[in-house]
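Look at the two complexes coming up: chain A is in both, with chain B in one and chain C in the other.
Let's look at the complex of A and B:
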């Protein structure tokens, strides 16, 4: 520890700590622009100049390491003179356009200019002009003359985002921040550059000129999208969500937000919002009062229960629904006598149901990901599915962590991968079995009988051996399964093999988790095996068509594993009740549309992948006649005379679910009574590989206009290895007809040699591919 | 696409640096490209970035920072006239004006036949030979007089 003195106050700090960090520990503010605690030190703005005893001239506090006995003066005559001088230089070229600047009122330069700037400028010559740039639909770089060249945005891209999309070109007076030629910023974390920009050079395109910071009230919320549970500050004006910013939480999202969390709010104000209950009568949709719609639903459900039995009711919800909604939904279903309730809509392998020790979860705290030194990532589009977790993994690699990847596609994760095996979905279990085989040799362990057979049946490859060596050499190892692995038709085998690999190397073992409430759904008992009797899962509910379906937030053709089958089941049902915040394709097959509210208009709870319970309040009033789904379900419960639906508020529902429960005891990734056989899953011909694109995951983002203009939201194309393309006698760029089961779609096909042979990659979750069948399995390609 | 010769030169340069620090060779790589075709376009930067495993913007930063990289065609022979202090004291501006008139182009321009390009440059560290110019960033010609300039231009014209 080093003892230093700042402005007369003593403090002991770590060796290597900078003066600015030490000052912050003491609560002393040193003005700065380019310094940011999460970024490397650039020391190019010079705003943090301070006087240091025995130093002949002022030194930048951000780039000066502490030394024993150092005496720092942050507000001495010399320091303030230096700071004022720097400010005068910064203001020389900075336009005096604060009244029309979007950053006005939340601008670091504006704030510090009040403290350190002169009341008038001594500079009367021409100011430099930097031309505006178009760097994509999210970040506006329309006023680059405002830029003070702090390079925070550049360093963010390199260090946190993993790609240098912005840079500082030219030099000296001509230096300017720009993207290469006319590239756009395609990072899924790009919005953070807006927060980082200390001036109004980079601003939010969707938010520009719509409100001033002092007009906005700031309310806490939780992200409803990925499973991280990012903390949000939802900013509201006139009962409308205007903007979303991060709330710093070092254990979850640090001070960042993914673009999905930041810009999805546009979907809340979408014109497609459903604001009135609607009933279909004689093929026409009528707007009706809540009472009428609810009575219609209650009568319909009663009738079907009475005539065909409650087991003819199927209940589906998305994992983006709150804990309270999911709990009341299953309670309603079970109250009617149906156990057919599920929220795992994109899952295809349910063989491990009720053979799990608990709800699948991350297996570790999010913050601990930064400490892991060996990763085995299985089946994950990590960057797109979990942007901020990917950033955590990236930070770990900077500290020397090794990444081993088993996946069906080779998308650039923007981090070094030590070993990777890119194979068709059908071979993923084989690769895991190989790694397990190699590990059992290294650790000289006897394998459990449940995996012996599959391990004996595989021959070891060099890459699997290398992965095993890497994992065995780690001290803090993590085996993590992604969304793709969970949606995989052999998900339970992958899970079992990964579990045994984890046991052998003493690793943490977990799932990234698909959505905000993927863990919460289990705790809310919204699974068919949670009750006394076992019901049908999300897949069998469709294959064995039910007479009635209740859908909570679900757009079946986009949210489910097999849209074709889902649409067929909906079409054949006598009654479909859709609880949705949006008017969507359900108008084709549903009988009742009940307008419910998205997360900003209801209170609720999400349980993140690390098992963290986070409750939030509504931030705005419900739009039109839309009502929180928990209230709708409460009324329905009462109408159907099901007992236990007398809740005063959503907290009462939450307390009923979680009261007296140790959430951590309900989590578990281990399987019992499951054994891995030799791979029995055969696909003839080409097999489909599907990702759910980052801005197609849920109803809200699908309607967020700006996100839909990004490159990540581009129209899906079919990707295939060029050898396969040649076999099919097709050219890259050609339109092809893709067929699965009864349905087919026309897409352009592109050669992509990073894919394994024998697969066609076609995105799911998109209206254009919704005519196709399951996310995995045989797919036919022919010239259109 | 980088030519085989350029790639061979870059490979030789790469031996000077640790294998995971290939970006150290970026300045040399850009120089090799310029030596070959006289200037560097953004397509070349993309190629260099791919070859060295760097970001494209990273290469662009370097290429735009150093003013001896030509970001547009500068003729077969780029004449860089030093206009720093020592040269100015002995008539650099007159030298520059003479060349401008002689070639009929301004600074930063190229003659219509594409033979000569003219630039202003910084100190070449041989002020005893002032005033001076440099040909293609390689060869320094000092003690310039009108006659000597005529002679240099005539010789280059023949090449």
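Let's look at the complex of A and C:
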């Protein structure tokens, strides 16, 4: 510890700490632009100049390490004179367009200019002009003359985003920030550059000129998209969500936000919003009152229960629904007598149901990811599925963590990968078994009988050995399974093998989790095996077609593992009740559409993948006649005379679910009574590999206009290894017909040699590919 | 002594004479009553009457939608909505002043960085039903167009004091 004195106050700080950090610990503010606590030190704005005893000239506080007995004066005559001088220089080239600048009102330069700037400029020459740039649909760089070259955006790209997408070109007077390599910013974290920019050079394109910062009220909320549970500040004007900013939470999202969380709000005000209950009569949709619609639903459900039994009702919900919604939905279903309720829509392997020690979760705290020194990532589109968790993993690699990756595609994770094995989905269990085999040799452990058979049947590869060596050499190891592994047809085998690998190397073991409430769904008992009696899961509910379906927020052709099967089941059903915030494809197969509200218009709770329970309140009034789903379900429960549906508020529902229980005790990734067999899953010909593109995961982002203009939301194409392409006698770029089951679609096919042989990669969750079948399995490719 | 002077004042009706002298002076003085509306009092160039939105000489509207007037308005009489116009500039899609709320303090004029919103010399306007005094953007622009000459002259006279 080093003792220093700042403005007469003494403080003990760590060796290597900078003067600005020490001052902040004391609560002394030193003006700065380029310094940011999460980024490296650049010391190029010079705003933080302070006087230090015995130093001949003022020194930048951000780049000056503390020394024993150092005396710092932040507001002495010399320091203030230096700061005012710097400010005058910064303002020389800064345009005076604050009135039209979106940063006006929350601008660091504007704020500091009040304190340090002169009342009039002494500079009368021409100002520097930097041409505007178009760097994509999310970040506006229309007024680059405002840039003060602090390079925060550049450093963010390199250090947090993982790729240098913006850079500073030229020197001196001609220095300017521009997009490097490609001419757009395609990072899934690009929105953070808007927050980082201390001036109005980088601003939000969707928000552009729509409101001023002082008009907005700021309300807390929780992200409904990925499983991280980012804390949001939803900014509202006139009962309309105008933009979303991060709320700093060091344990979850730090001070960042993924673009999905930040820009998805556009989907909330989409023209597709459903604002009136609707009933289909004689093939036509009629807008009706809530009473009429709910009575229609209640009568229909009663009739089906009476005539063909309650087990003929299937209930599906997305994992993006709140805990309260999921709980009331399953309570309603079970009250009717049906146990067919599920929220794991994209899962295909349910053989581990009720053989799980708890709800699958991350297995560790999010903050601990940065401390891990060995990762084994299995089946995860990490960057696109969990942008901020990927950033945490990236930070860990900076500290020397090694990443071992087993996956079916080789997308660039923008971080160093030590060992990777890119194999078709059918071979993923084999690779894991090989790693387990190698590890058991290293650790000289006898394997559990449940995995012995599969381990004996595999022959060890060099890469599996390398992975095992890497894992065995670590002190804090994490085995993490991604969405792809959870959706995999052999998910339970992957889980079991990963579990044994984790046991052998004393690792943390968990799932990244697909959606905001993937953990909450289990705690809300929205799974078919939660009750005394077991019902049908999301897949069997569709194969064994039910007479009636209740859909909560589900767009079956986009949210389900097998859209073909789902649409067939919906088409054959006598009654489909869709609770949805949007008017969507359900108009084709549903009988009733009940308008419910998205997360900004309801109160609720999400349980993130680390098991963190986060409740939020509604930020705006419901649009039109839409109502929070928990209220709709409550009324429906009362109408159907199911007891226990008298809740006064959503908190009462939450307390009924979580009251008196320890959430952490309900989490668990271990399987029992499951044994891994030899890979029995055979695919003839080519097999499909599908990801759910980052901006196609849920109903809200699918309607966020600006996100849909990004490269990540481009029209899906079929990707295939060039050798396979040659075998098929096709050219890259050609239109082909892809067939799965009865359905086929036309897409252009592109050669991608990073894919393993024998697979075709086609995105799911997209209207264009909705005609296809399951996300895994055989797919036929023909010339169109 | 005082008693004696008071006695003579009362006796000689001195106060009455003084009062009548004042009355008499005003009786013959020039009248200041203005026969409105046939006659009008002179107005200063800073007179704060009806609002107007101005245009530049090339017909481009001045207002850039910075909303400083909306923010400064103590009566919250101004309502503005903005968006990016096709040419990329920041423009208002809505600029309303509720003249019933307005207290004619002139702060909007003071706040405006481009002299777009101004208060004119016009004070003779009225509304016949509720809502007539809710001035929208086209109405304000129309006022500006009609009186631009006078508005510009008044701003020029005031310029040297700013």
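Simple rule for what comes next: the second predicted complex is superposed on the first by the 782 of 784 C-alpha atoms of A that agree within 3 Å, B and C clash if a C-alpha of one lies under 4 Å from a C-alpha of the other, contacts with A are read in each partner's own complex, and residues count from 1 in each chain.
By our rule, a contact is a pair of C-beta atoms (placed from the backbone, for glycine too) under 8 Å apart; a residue touches a chain by one contact, two chains touch by 3 or more.
It should be emphasised that the depicted structure is a prediction, and the values quoted were computed from it without experimental measurement.
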Chain A as common anchor, with chain B and chain C clashing or fitting: fit
First (chain B), second (chain C), both or neither touched by A:214: second
Touched partner set for A:179, first chain B, second chain C, both or neither: first
First (chain B), second (chain C), both or neither touched by A:163: first
Chain B versus chain C as contact partner of A:100, first or second or both or neither: second
Once both complexes are placed on the shared chain, angle at chain A toward chain B and chain C, C-alpha, multiple of 10 degrees: 80
Touching partner for A:142 - first (chain B), second (chain C), both, neither: second
Distance in angstrom between the closest Cα atoms of chain C and chain B, superposition on A: 28
Chain C-contacting residues of chain A that also contact chain B: none
Residues on chain B engaged by chain A in the complex (per definition of touch): 42, 45, 55-58, 60-61, 64-65, 67
Complex contacts: residues of chain C adjacent to chain A: 64-68, 71, 82-84, 88-91, 113-114
Residue ranges of chain A touching chain C (in the complex, touch as defined): 98-100, 104, 142, 208-212, 214-215
Footprint of chain B on chain A - complex, ascending: 158, 163-171, 179-181, 183
